[in-house]
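Each of the two complexes below includes subunit A, the first together with subunit B, the second together with subunit C.
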Partner chain A sequence: MAALVLDRLTKHYGDHAAVDTLSLTVADGEFLVLLGPSGCGKTTTLRMIAGFVEASTGQVSLGDRDITREPPHRRNIGVVFQNYALFPHLSVFENVAFGLRRRKRPEAEIKTRVARALGLVRLDAFADRMPKQMSGGQQQRVAIARALVIEPDILLLDEPLSALDAKLRLEVRQELKALQRLLGIATILVTHDQDEAMSLGDRLVVMNAGRVEQIGSPQELYRQPASRFVASFIGRGNFLEGVGAGHRFTTRHGWSLPTARPVDDVATVLIRPEAIHLAPTADADRVPARVALVTYLGPMTEVVLELAGGDRLVAEQASGGWLDRVEPGQDIGAGIPPEAVIGLGAEGATRT
Partner chain B sequence: MATGRAMAWRRAGAMAPASLLVLGFLVLPMLLMLRYSFNSFVPGKFMVEAVTVENYVKLAADPYYRHVLGLTLTVSISVTILTLIVGWPVAQFLARTQTRHKGLLLLAVVLPLFVGNAVRAAGWMVAFGREGLVNRLLQATGLIDVPLQIMFTPTAVIIGIVSVNLSYVVLTLSSVIEGIDRRAEEAALSLGATPFETWRLVTLPLALPGLLAAGVLSFILSMNAYATPVLLGGPSFQMMAPVVADQVLQRANWPFGASLGFVLMLVTLGLTAGANWLVGRRYGR
Partner chain C sequence: MVTGDRLGERFGRLAYGGAVWAGFGFLLLPILLVLWLSFFSNEILSLPPDGYSLRWYEGLLTKRDFIDGFILSLEVAVLATLAGLAVSVPASLVLVRGRFKGREAILNFLMAPLIVPAIVIGAALYIFFIQVEIATDIPLAGSAPGLVGAHVLLTIPWCIRLLTANLVGLDPAIEEAAASLGARGWVILARVTLPLIWPGLVAAALFAFVVSFGNLEISLFLVAPGETTLPIAILQYLEWKLDPTIAAVSTLQVVLIGAGLFATDRVVGLARVV
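Up next is the complex of A and B:
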């Protein structure tokens, strides 16, 4: 059975819809990531699930319970906030014990469960500390332990890593992933960071202006984005505009490319930079291209290309060999396999 | 080290003018009063230069002054508790409301302060009279048959002082409540705390320093209240500030007035420090 189901969930603020008929399902033990730009309604969605704001319309079900009108303290949902939101006047132990005490568990049980939860986040030795005596990363791990110890039906995390510095962020991210796997707890994490989303999520939900733009595995979203919005939000890409017909796409500048799938009615195609194969010279499989800019990125080299007709492409290829000596102004060849040309639906087509 | 010390000096230098002002306007008059309180009072000759503790002895020995001090404390503690209880919901509403008219609401809280204490007390006198608004209302709603005696009772004085202090308490509390992280309250709710438990276990402890500050403010203001007890309490209701004024203005007994004033200040300071210590100990701050 699904751990959580959102059915046409909507939140209006005045006549503005912060979240608009959003439907999705979280499977048992699944790690779902809500991804989207700032202001697209991620936090509002999470807060409706937790019960901090009331849904305007739609339904939230947890297992077989309809919790849409249930107050937050009766939902049994673990919440982790961006700013940790620990209780500053309570020790780490009491912070983690808080939920168990509300559930009137016996003292001995509280002791063992808090110790186990702190062990999970490797903070066994910190039980007696006050929150402000700890680093940001440690505080966020306490917050995670505090949310997990009550064995919630689902764990919600709202940009939990964005207040941490870059190095710590990677560390806590990996821990979070391992912990979620270990406990097998259904989880929704909100982020605007695509790397975070790709590395954590079993499935990603890309949101735009209060609506779901696309739902899928990281691979699906990367390889088959449904819209230009998804394609530009996940990874980087070259977007070429023009007209598609059958297995051919012709750009505005008149460049005609073969495609693996039919592209009838397609007005925009996506080509990922790393899908372009560069060679020192043009040949039957490679169109002539002039190098406009070269950027050495270590393992990869990024090359901006200008095609004869006026199309511009960004290509990325493993550094080394001839590529290390390439210079702006040089003419090289660029091969674009038909399966690398991905037709995109019209803007917002998937949203209706 | 050297730069730290240089900075400390520079900061001290910058603070010097303000410090001198405080010294001149606050500390000097107080020292003067302290000196007066050790002088001697001779009827007909007024204040006579001396170093004696006779004023303090008289104060301690006379049960009348103990009664006045006791009454002042009772009224002040009642007022403080009442202002905190009545002020909290208003302050919480002000701090948490999403309305665009917050400025107007704040103004409404401050507005009563535009009316001086004496004028306000006069207003209460009209309302509290046997034929006043309060009695009329109570009779109209059928709660009482015979008009209540409100004027010249402790109730009148307490209501009067509460109405003055409430503005200060609401302003202090609402700024403190505004500073409380709502996410911490939401975290408590998500962990299974009822709204009341959340308030008791998270909001209240986090607001405690502000509650203390507001309480101290209200307490000090009532300990030193003058116009309200005089006008609403009447001649037989004696609180400290009017008694001090009476000694100085009516009897021209500066030494005794000064010693009364000092005892009032010390008791106020002592209780304030005590409350501070209690709260600090309870919450390890």
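Up next is the complex of A and C:
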């Protein structure tokens, strides 16, 4: 059964639709990520699910419960905030116990459940501390324990890692993923960080201007983005503009390349940098290309190529061998497999 | 560094220190003078004093006007403070959290008693109360509820100022977290919001109390005959006599309020909230 269903959820602020007829289903135990630039409506969506913002129209269902008009305190949803939002006047123990006390659980049960929750985030020894006395990473783990201890129907994470420094962010991210798998709790994370989205999400929802741009697994979104917006938001890519017809795409500069799928009516194609195969010389499968710039990145080397017609491509290939000695101005060969040429829909088009 | 600069720096520091102490002196001198006067033994104020005694303090115990006035002022100030807080806490919450039309207007309206001269408020309220009495036969002028109600007007601006200053610094996500954990509105208020703005609440109560306790202008119009607050008792006494009794009463009042400020500072740290 679905843990959460959003049905044509909409939020208007005046004439502006912050979230526009958004429909979405989160499966039991699924880790869903709402991804998009700031102002795309991802946070408003999360806040409507939590009940902090009232939906203009549409419906939010938790299991078979319609909670669209329920106040937050009756929803049984765990929320983790960007700035932790711990109760600064309460100890770590009382912070975690807060939800259980509201549920009038007996003292003995509260003790064991709080201890178990703090154990999950490896903070058993910190129960008597005040939030102020802890690092940002520890505070966020308390916030996670506090949200989980009430056994919520769904866990909502609002950019929970963005206030942490880079190293800590990676650590808490892995911990979060392990915890989510262990507990099997349906989870929605909101973020603008594609690495975070790719590494955590079972499915990603890319949002733009209040609408869903595309929904899919990280692999689907990377390999088969529906629009240029999705393609540029997830990973890097070469975008070539031109005209498609059948299995052939011709760029503005007149370069014609074969495609695996038909590209009728396609005006833009995407080629991922690592999909381009470089070789020292051109041959039947490789077009001649002149090296414009070489950047050594350790395991990978990035090469900017100029094609005869004027098209520019960024290619990325494992370092080593002849590639280590390549220099700007040199002529090499670039192979582009037909399946690496991905036709993109028009801007804003939705395909799922 | 050149010697001249160092000299200039030293002079600057001295001048600054001198100005600060002069300022303190200017503020404290009248209070210290009153304190000193209250121990003079002669009835007619003159310098130097003939000697020192506690007779004016002893005399206070027999003066019903002052004792009754003190009690009435205390009662009015406590009630006006509590009522002022009861109005100001919800008002501050809405004013800080809400984004609605007329928000600024409401804020300015609530701050108005600070701007309108108290004597004008007193006169206006008196006329208003009389009109109400004529229309409804409810005797507001000269009644305790009327007096307390008028003092609430005085306490509101102070409470609103101090409470909103504290609420602005409170992250709304903390209250949302409480809501998501199952706390309904009033539980959030009691368990999260109020404990977190506690320093502002204490400071607001203290300032409201002081403003109400020391008010003369509004009370003058609204007390019943024979029922006087302490400032009015002092004024009436001054019309007939000018002996150190007044100095003794004032000294006690200064000590009382000073103790309140000191205690508040120890509990919440006044410098943080005002």
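The definition used in the following text is that the second predicted complex is superposed on the first by the 350 of 352 C-alpha atoms of A that agree within 3 Å, B and C clash if a C-alpha of one lies under 4 Å from a C-alpha of the other, contacts with A are read in each partner's own complex, and residues count from 1 in each chain.
The definition used in the following text is that contacts are C-beta pairs under 8 Å (C-beta built on N, C-alpha and C of every residue); 3 or more make two chains touch, one makes a residue touch a chain.
Keep in mind the model is a prediction, meaning the values are calculated, not measured.
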Partner chain(s) touched by A:99 [first = subunit B, second = subunit C, both, neither]: both
Subunit B versus subunit C as contact partner of A:110, first or second or both or neither: neither
Residues of subunit A that lie at the interface with subunit B and also at the interface with subunit C: 50-52, 71-79, 81, 83, 85-89, 98-99, 102-103, 143, 146-147, 150
Complex contacts: residues of subunit A adjacent to subunit C: 50-52, 71-79, 81-83, 85-89, 98-99, 102-103, 143, 146-147, 150
List of subunit B residues in touch with subunit A within their complex: 181, 183-184, 186-195, 197-198, 201-202, 205-206, 283
Touching residues (chain side subunit C, partner subunit A) in the complex: 171, 173-174, 176-184, 187, 191-192, 195-196
Contacting residues of subunit A [partner subunit B, same complex]: 50-52, 71-79, 81, 83, 85-89, 98-99, 102-103, 143, 146-147, 150
